[in-house]
Amino acid sequence: MQSADGNVVTKPSSFRPGSDTPFIVGLSILSGTYVAIILAMIAADLAYVDADSIMSALRSKEIQYSIGLSLLSCSLSTLLSLWVAIPLGYLTSRFEFPGKRLLDTVLDIPIVLPPLVIGISLLALFNFAPFSWTSEWVVFEIPAVILAQFMVACAFAARAMRISFDQIPTRYEKVALTLGCNRSKAFWLVVMPQAKRGVLAAGTLAWARSLGEFGPILVFAGSTRMRTEVLPTSVYLEMQAGNLKGMLAISLIMIVAAAAVLVTSRLMGMKRLEP
Amino acid sequence: MISVESLHVRQGEFSLSDLSFNLPAGTYGIVVGRSGCGKTTLLEAVCGLRQIAGGRILLGSEDVTNHKPGERGVGYVPQDGALFPHLTVARQLAFALALRKTEPKLIKERVEELSERLGISHLLNRMPNALSGGERQRVALGRALSIRPKYLCLDEPLSALDDQTHDEIYELLVQTVKGTGVTVLHITHNKREVEHLADIVFRMAGNELHREK
Amino acid sequence: MLVIWKKFPEEKTSRDDLIVYCAAGIRKPVEDAVKAYQDEFGVKIALDYDSSGALEGKLQLDIDSNKSRADLYIPADLSFARRAHQKGLTQESIPLASFNLVLASNPTANLNFTTLDEFLALNAPFVICNEAAGVGKTTKAVLENLGQWDSFNAAKKAASPRVTDAAAAIAASKVVQAGFLWNTTAKQFGLKIHEVPAFKLISSQITANVCTSSKKARAALLLARYLAAPSKGQIHFAKHNFTGVDGDKWAENPELIVYCGGVNREAVTETLRDFEKREGCKIVEQFAGCGSLVANIKAIGMSKAKTAMPDAFLTCDASYMNKVDTLYQDARDVSSTDIVMLVRKGNPKNLQTLEDLGKENLSIGTTDQKISTLGDLSWQLFAKAGIAEKIKANGTWEVTTPTAHELILQMEGHPKLDVALVYLANCQNLSKGLFETVPIHDPLAQATQNIAVHKSSSFPDMTGRLVKSITSVRSKKRFLEAGFRWKAEDTKVN
């Protein structure tokens, strides 16, 4: 094509990048399928239980205790986990030091180890001082439940916090330093306020992980009813008894309890995070 | 004055070695150089935000090479301001003062004073994400000046702004900084800023610093 | 490469040539079925026909002279099969078919009667087979029962060594007009069958028996299963008027699913592997706590995946079998294990009897009372010894776990527990030199393991043979070694 002054001009660009529809559809199908399977699983569970088994489970003293202990121990282990995971995440995010890679590997161990091994390892650990001094009130007691949950939940929370801190640029801390902060003040006044969402995410991760954890608890704390029995232990005990309905009833209670706590904390968290 | 002697800084693969310059007290010094030549590294070293491998940094007659950033009395305005995302403008300005446990009454006075001078009084309750680029730079400047530092380090303060705002900020810098006794180290790759603001110009290239003008 | 390649063909079912001793009266269907088998698998099966007794004699001779000839022995009557098994001549026995004893006659003789006495009154010449023939043996037994053996034996015209010979004589010659035969043989030779009320319920079971001396047991079992399979051998038996059996459906390499209580693992694993090798089948076993096994069984029962239902269930305690008794019936006791007190070496707290657990300053571990038989029995024992309340009052009851396995781990892992109530069979793998067991002298203090076949198993016969294998003498040895007591009746099956 020729323009007015005789130069050759190509047509205005007829190149198109291609439709977005297949991409969006693909994403939707993949995510939708997974969500659908999860919901279908829960629906299948619902189909097997009846109101009777759920009511009798809720009425049972042992289950009530188990729910209470689960909520309490998960909350405590989450607080403990955050208490450790936040500084640990900040350390691994901001600082370089010899042996850092080794530290990262060590932090992955609780995630990789089979749950029963963690339980046995904790038991073995408490053979030695200074831990053995506290065997009396830890081993096979409630603190053992919290400790077992903490060991696994903290590893997950530390990972999440590290990623969270990685995403906060270091410029703010630098400015804070020049304005007169030491590293501690810079952390609390400038970094942490920005990490709120990350803390919430790590906290819910730790809580959820703690709720589902029971392998280490079985060996390290036992499954003593009205003492160290938590919800996943209750499910396991029902299964051992061959009581399918009871097992599913408690599982559903667990799902509801977990959903309630997680949704509430997200909502509350969101409210506070919004300006 | 700001003075640097035989400075060696290592930053990963990149390094500055044996750099020296001297900026007399109260002067407005601009370091010009291509992107990536090490200007920011130099600036951050002066502020105390970089590990020094060798050499000395002097502010006034004081050797501050081993001093923490907060001890040097340097006001630092990074690129695009880096305002704390979670604090209002008023609290940004008050930050350094609150840190030093200044009386609330005095803080209020200083914040009002600063915001008047910088033309941001109407923005005191805004959050950083509701400010324009020029407004952000003003607040950043105000935050750095809040403790009346003797030295000011500016990292490409105008690079993200449009031409009209450039002029506004030139005006601002001339009014609030130039000639007030504050020694200013301003780095940029833009020659126009030199024309407007500089008392002394340094050119940085290939790991060397030459004084011009 | 070549080594790996060579491995695969060898894994297939052995296609060995076989020799089968078959009673004359069963010739027709076996011949047809074997021909089909030969065509399908390309092997040669040699059939040796004679009377059941004569064949038995041959088997004995083979064993005495240390020869290995026959692989399969198919006699015409169960009594022969049983005797051969008792003498150690045969091993597994697989039912194939049955036929009935009848009084048959040549149609042209026009004999009419309704009772045995009426027949005798006719004075028709008849033949009775010798006892070496299955039908002869049965005839004698039946007539003896009716108290008419002597009269018939005296009145007979001829005796015959084989049922087919007798039938041929009746059909062809005028010397004998009637005789005691199998219904199928009578039909085979076109003879007239007389309904005698006294014979109505008399049928003879035909079984295929694997010869002890055979070196091709797996192939022999494969052929036997083929003959018993409704879609294969049974067609031929039906064709020749035999009453068939509901054998296992045909599969060259059947797969059995077996659920075993975890406590049985050491005792039973080798037996399972031996069985696989002998029968050429595959066993998929699952060891787990009986509670979860029962939960699994129930879940499968509710689902549509019925093929996942285990063919056999070996429990850690009979109470678990009760929970699935609608699905598993005719359970057989296999073994039992005692509940013991597991203490540290040297028994530092000096626990000699159950009553000693009432002491103060103890740390006692049990399994969960509600969901494990062990836990339930433990507390029953405490109650019986009068220490249940004391233990609770003393606060010495330290920990509860779902199964004995966790208790063992806890005892091994940390010194806090002084004593745990577990099964003796759980203690086999403990670090020797660190622990002791103290017996509890109470009939309550034991668990009985039993085994049952699923009532809708796809391979009930094979599973039945597996049960026999698990309750055999060889299996007994393994159970005893694993710390169990033997409860299955001693059988001679090896």
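Annotations for the structure displayed:
Note that the chains take the letters A, B and C in the order they are written out, and that residue 1 is the start of every chain.
Quick note on the criterion: a residue touches a chain if its C-beta (ideal position, glycine included) is under 8 Å from a C-beta of that chain, and two chains touch if they have at least 3 such contacts.
Every value quoted in this text rests on a predicted model; they were computed, and no experiment measured them.
Common neighbours of subunit A and subunit B: there are none.
Centrality by C-alpha centroid: the chain sitting nearest the overall protein C-alpha mean is A. Most remote chain with respect to subunit A, judged by CA-atom centres, is C.
Mean C-alpha positions place subunit A and subunit B at a centre distance of 42 Å.
Measuring from the averaged C-alpha position of subunit A to that of subunit C gives a distance of 53 Å.
If each chain is reduced to the centroid of its CA atoms, subunit B and subunit C end up 93 Å from each other. In subunit A, no residue touches at least two other chains. Of all the residues in subunit C, the ones that touch subunit A in their complex are 289-295, 297-299, 302, 320, 323-324, 365, 368, 370-372, 398-403, 406, 409-410, 413-417. Within the complex formed with subunit B, the residues of subunit A that make contact are 169, 171-172, 174-182, 185, 189-190, 193-194, 275. Of all residues in subunit A, only 48, 119-120, 123-124, 126-127, 135, 139-140, 218-219, 221-225, 228, 233, 236-244, 247 touch subunit C in the complex they form. On the subunit B side of its complex with subunit A, the touching residues are 44, 47-49, 68-70, 72, 74-76, 78, 82, 84-86, 95-96, 99-100, 127, 143-144, 147.
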